[in-house]
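Two complexes come next, and they have one chain in common, chain A, joined by chain B in the first and chain C in the second.
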Partner chain A sequence: MAIALDRHNYDAIARAEATRRKGGWIVLGVALLVSLVWLAPFYYLIVSAFKSSTEYAAGHPLALPQGLSPIVDNAIRVWTDAKLGWGLVNSALYGLVGASVAVFVAAMAAFGLTRLDFSGRTFWFMLIFSGTVFPFQMYLIPLFFTYQQIGLLNTRAGMILFYCAICVPFPVLVLRNFMAGLNREMDEAARMDGANDWRVFFSIVLPNAKGPMLALFLLQFTWIWNDLLFSTVLGNTPEIRSVMNALQVFQGAYTSAGPNIAMTGALMASIPTVLLFFILRRHFMAGLSVSA
Partner chain B sequence: MAQVSLRDLVKVYGRQPAVRGIDLDIQDREFVVFVGPSGCGKSTTLRMIAGLENISHGELLIDGQMVNDLPSRQRGVAMVFQTYALYPHMTVRQNMSFGLRLAGLPKAEIEERVARAVSVLELGPYLDRRPSQLSGGQRQRVAMGRAIVREPKVFLFDEPLSNLDAKLRNQMRIEIKRLQKALNVTTIYVTHDQVEAMTLADRIVVMKDGLIAQVGTPIELYEAPANQFVAGFIGAPAMNFFAGRVEAGEHDGLVFRSNAFDAVLPTGRFARLEIGRPVVAGLRPDDVVPVGHGVPPTGGIAATGIVILSEVLGGESQILLRLGEAEVMAKMSQPRPVESDERLPLQLNTDRLHLFDAETGASLRASADAR
Partner chain C sequence: MSALSESDQKLLERIGTDRIAMRERKTRRRNFATALLFMAPALLLVCGMLLYPVLFNIWLSFTDWRKFKGLDTFVGFQNYKRLFGQIYFAEAAFNTMIWVVASLVVPVILGLGIAILLRGVRFENAFKNLIFLPRVLAPTAVGVIWFYVYAPTGLLNYLLSLVTGETVSVGWLYQANTVTPAIIATHVWQTVGIVMVLLLLGLSAVPRDPVEAAQMDGAKPWQTYFHVILPILTPTLVVVTIISVLAGFTAFDLLWVMGSTYPSQRTLSLVVFMYFEAFQKGGWAFGGAIAVVIGVLVLLVTWIQALLQARAERMVR
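And now, the complex of A and B:
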């Protein structure tokens, strides 16, 4: 006897179920309001970037621009005044090297903390973990004097070294938890297949930690890219400074540039991180769901 | 092809002993199953043989060579894990060839070995799939394939079927048995499931509290358990136990008396019996036969049980009865429906009675003495 699969109209039941679950207009209204508040600064940034200095001074700051062409002049002004080319190159260097090295080192540490048997494992973990507990600003003054003494102040090597180190603890925390959840029998199988610790790390654990590692890379890259405090204090010559530091020429009492130039600079400086996010977003989302 | 010898093998974690000294000789091509309740040390023993745990004390010999300090890859052992432990980021082909690639085997040989394993395990259509795209049974077969391609001297299985559903488990059990027969490799298999142990093993090693409780063929363990623990562990449903004592009977014979039943003890079956000795008698559910169901025992005694409840399995029913002041499980073949509180006439096959020392649990069987 055949089994009847269509005893009910299941599409209609599904539609009714969906309607019952839908939130009311109030939820939608609140959501719209919150989005509006959140989007307002972006609106200001975009419209300002398309205004010339005179246009900006003449009209209301939130008024729509009269044309699109002023952004070209603004961009050229930003590029030359702030030496933005150097800034972008430096920030890219600090971000790529700093975040990659930090996440890789963190992955090795997490592997050691979860897979290798050595005494004081908990102590070492707590020591690294303490790096995420204290506010970063605490390191600023000692770092400045140390860097000054050993000649690392205002050097690319010094900047990279700092970013590599500061970005290690948080990824260790996340990757340790992730790796602790990876099937231990998988590495035992690899060991029986003849793999040593390094081989287990590179061929078995690392490929399976790709998602969270990419997400962490992106987070740390963005942090380094956006860092203003440390890059101002530790690397402040035009050839060394980061892009965020470079934008500071448009701030303060003695600057001749208007907010439209500053906003164009901000827009230009944020394009690379946004691009990177779009390129890696699939991994980022997957990694987030793991690290959450 | 290898013999495996365990000499006084001990494993301690901190100060906690997990394996307390095991002696065992496993013959070439033998299929040995370690079975026991959780925490009995069976997996730890297997992991010591695999080289995944250090050996705290004792010697492990494979083919006469001491391998205590050899890493697993040099011991010639391969293992199938409970969770299959496949590498999720590799295809079936890469999973199976990983160890061979590490060993630096020539490409042609790797391909040939993988092809051979694939044809034995019928994995052909899945070679380029990832483990996540396979069903549980297929993953299990890939895990076995990964072990086969290494052409090990000894196969190790650590509860390989416990993650499968019941139907697949039966199917894979037969496949493992067939595979072992075909490859003819010494195999050590760990399980907590006594049905797996009985059906797969040439010899079963029953473990308890880090020690071997008994070693023997499945039939030996079933028919002549060396102690009360093995008697209760092997066989499903479990053996019925009755506390009682040995007393003098007619014609110089001996009688077992308990609050469930009294039975004349067959002469010659037991040794070391003395009058007044407190003992525990064991009777398998197969030997508690409801009258009119199944083959009536030739000897034995008649009794009447009161039904407490019955579990219907279709081909047979397992009936929990009150017998005297004790509870007893009976097997009813060609079952009929029974009601609770129904009075059920029984035939107890006391010719197949087991007796154990009430204190030590050791079997009082005459044949068990030699062991």
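And now, the complex of A and C:
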């Protein structure tokens, strides 16, 4: 009886294995087809960026470029006509300053919320976290008006100030959860040795939170780099614009300049964050899992 | 305290509970002052740059503010009345609903399908990375690429010409009945990857035993998926749903870039409608009212999320 049952199971397993292997080729084929569809726009982007305007107009969209040199002319046109150079510099500045200040400020707040005992901590946390509840559209008109009143409209300081603020609440949520899980005996030991709260924050909690802080920095940097909406509203002059805003304005105003040039712009605006993603993939994925 | 005997009172005094409680209160107060110092920058930034604008926005939506006049004239619900009587608003709201539903249903079905399809396939990781790749690009750059994919002489029409054998030159982004589906398709191309990754995270948490038990009992693959895997996946699905719905409500970049040539761009969604009315027509109070409507919708979704999540967590336990 027992032997018969065993044989039966082996048969079932073998049969399942066989059907899976037979189905494997079909599945692989479907997967290849899906990836082909997924890749087509990337292929289109790359080949278009390497074509001159006349070459683009003459051939079909999927044709391979005849040479590699037209991309230089395209890039120069994007650089001068779209002032994408300013955009790249501005976005790098906004992203670096905005994301690092925001993550540091968030770490301070999370320290106050988790490593010091006082009543009403939930209230103060909710107050900060409520910054993520409202849709961006509710900030736009008041910020535009207030910025105009106090002279921050179309200035780099105004842009950085806003990016710092918008990037604070989410890291506070993540770092609060993280710091609450850190061992508090370390703090007590340091305090015994005469360290004050600032010392505990800088020498004990901050070094321990390096990992999540880096992941959060990357996440917020990418967010700022990709932002179009707030640059359109708060900093819409050629010298102040973010890179995505410059790209959008260029695409809207120079539709006649040809797809090849606009696509070159899209490629140039994307390269920094794409490179960052592939170099620091592990940290991005860490950020992704905390954001989910 | 009066219920205590005299000796007990004396004992308490010797231990000094009052003093301990007082010291405790004192450290708590001192702690609060320190914590407030640590939280001050975050509080200032959030209150000044985010919460104050929200309150200001609610207030200005009840004024007659347009073209920098009338911020001091209170008109009650007039902006809202005008809003709900407008055909553009109805159209924009309708398109937003399509966005919300489509940007939820399509990526989840596709993401789940691809996640299941790729399970155990050769080169599984390469395929997954490929599907995730569009997510790395900025929505603005994606919009520029797909703007030309949909152009009359673009990639899509070229492929259709190859299939049909005759010249196809549809202006996908210029026609009312194709512009929204076209932009949603782009959005799906970009978001399926992240939905898939989240679902795979959920799937990897599915324990082997119940699945194998079901297979041993002779359950067909689809039965296993529906009765064993799907219930365990529910919490992940709730999270994905909320992320997708909120993204659908507030999608702006793609619509702004790809819809730039569409004649009635303002009706593409509530978000675009709000931007158009406020920043291009100067109807600040009117735009503020639209922003409040969007805010109420988003808060409603967030509230439902909290309810669903609590329920999903209870289900798992």
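Simple rule for what comes next: the second predicted complex is superposed on the first by the 230 of 292 C-alpha atoms of A that agree within 3 Å, B and C clash if a C-alpha of one lies under 4 Å from a C-alpha of the other, contacts with A are read in each partner's own complex, and residues count from 1 in each chain.
Convention: a residue touches a chain if its C-beta (ideal position, glycine included) is under 8 Å from a C-beta of that chain, and two chains touch if they have at least 3 such contacts.
Small disclaimer: the values here were computed from a predicted structure and weren't measured.
K.L.:
For A:Gly265, is the partner it touches chain B (first), chain C (second), both, or none of the two (neither)?
P.N.:
After superposition on chain A, A:Gly265 lies in contact with chain C alone.
K.L.:
Per the contact definition in the header, classify A:Ser53: touching chain B only (first), chain C only (second), both, or neither.
P.N.:
neither
K.L.:
First (chain B), second (chain C), both or neither: which does A:Asn154 touch?
P.N.:
A:Asn154 contacts neither chain B nor chain C.
K.L.:
Using the superposition on chain A described above, determine whether A:Phe201 touches chain B (first), chain C (second), both, or neither.
P.N.:
A:Phe201 contacts chain C only, not chain B.
K.L.:
Is A:Ala165 touching anything from chain B or chain C once the two structures are fitted on A? First, second, both or neither.
P.N.:
A:Ala165 sits against chain C, while chain B stays out of touch.
K.L.:
May I ask you to name which of chain B and chain C touches more residues of chain A?
P.N.:
C
K.L.:
Applying the document's definition of touch, where does A:Arg191 land relative to chain B and chain C: first, second, both, or neither?
P.N.:
It touches chain B, and chain C stays clear.
K.L.:
A:Pro41 in the overlay: touching chain B, chain C, both, or neither? Say first, second, both or neither.
P.N.:
It touches chain C, and chain B stays clear.
K.L.:
Please write out, lowest number first, the residues of chain A touched by both chain B and chain C across the two complexes.
P.N.:
After superposing on chain A, no chain A residue contacts both chain B and chain C.
K.L.:
Name, in rising order, each residue of chain B that touches chain A in their complex.
P.N.:
By the definition above, chain B touches chain A via 50-52, 71-73, 77-79, 81-89, 98-99, 102-103, 146, 150.
K.L.:
Which of the residues in chain A come into contact with chain C in the complex?
P.N.:
The contact residues of chain A facing chain C are 9, 12, 16, 20, 24, 27-28, 30-31, 34-35, 38-42, 44-45, 48, 60-62, 102, 105-106, 108-109, 111-113, 116-121, 124, 127-128, 130-131, 133-146, 161-162, 164-166, 168-169, 172, 197, 201, 225-226, 228-229, 232-233, 244, 247-248, 251-252, 255, 259, 262-263, 265-267, 269-270, 273-274, 277, 288-289, 292.
K.L.:
Using the touch definition from the top, list the residues of chain A that touch chain B in their complex.
P.N.:
Touching chain B from chain A are residues 183, 185-186, 188-195, 199, 203-204, 207-208.
K.L.:
Going by the contact rule at the top, pick out the chain C residues touching chain A in the complex.
P.N.:
27-29, 31-32, 34-39, 41-43, 45-54, 56-58, 60, 114, 117-118, 120-122, 127, 130-131, 133-134, 136-141, 143-149, 151, 153-155, 158, 189, 194, 197-198, 201, 215-216, 239, 243, 249-250, 252-253, 256-257, 260-261, 271, 274-275, 278-279, 284, 287-288, 290-292, 294-295, 298-299, 302
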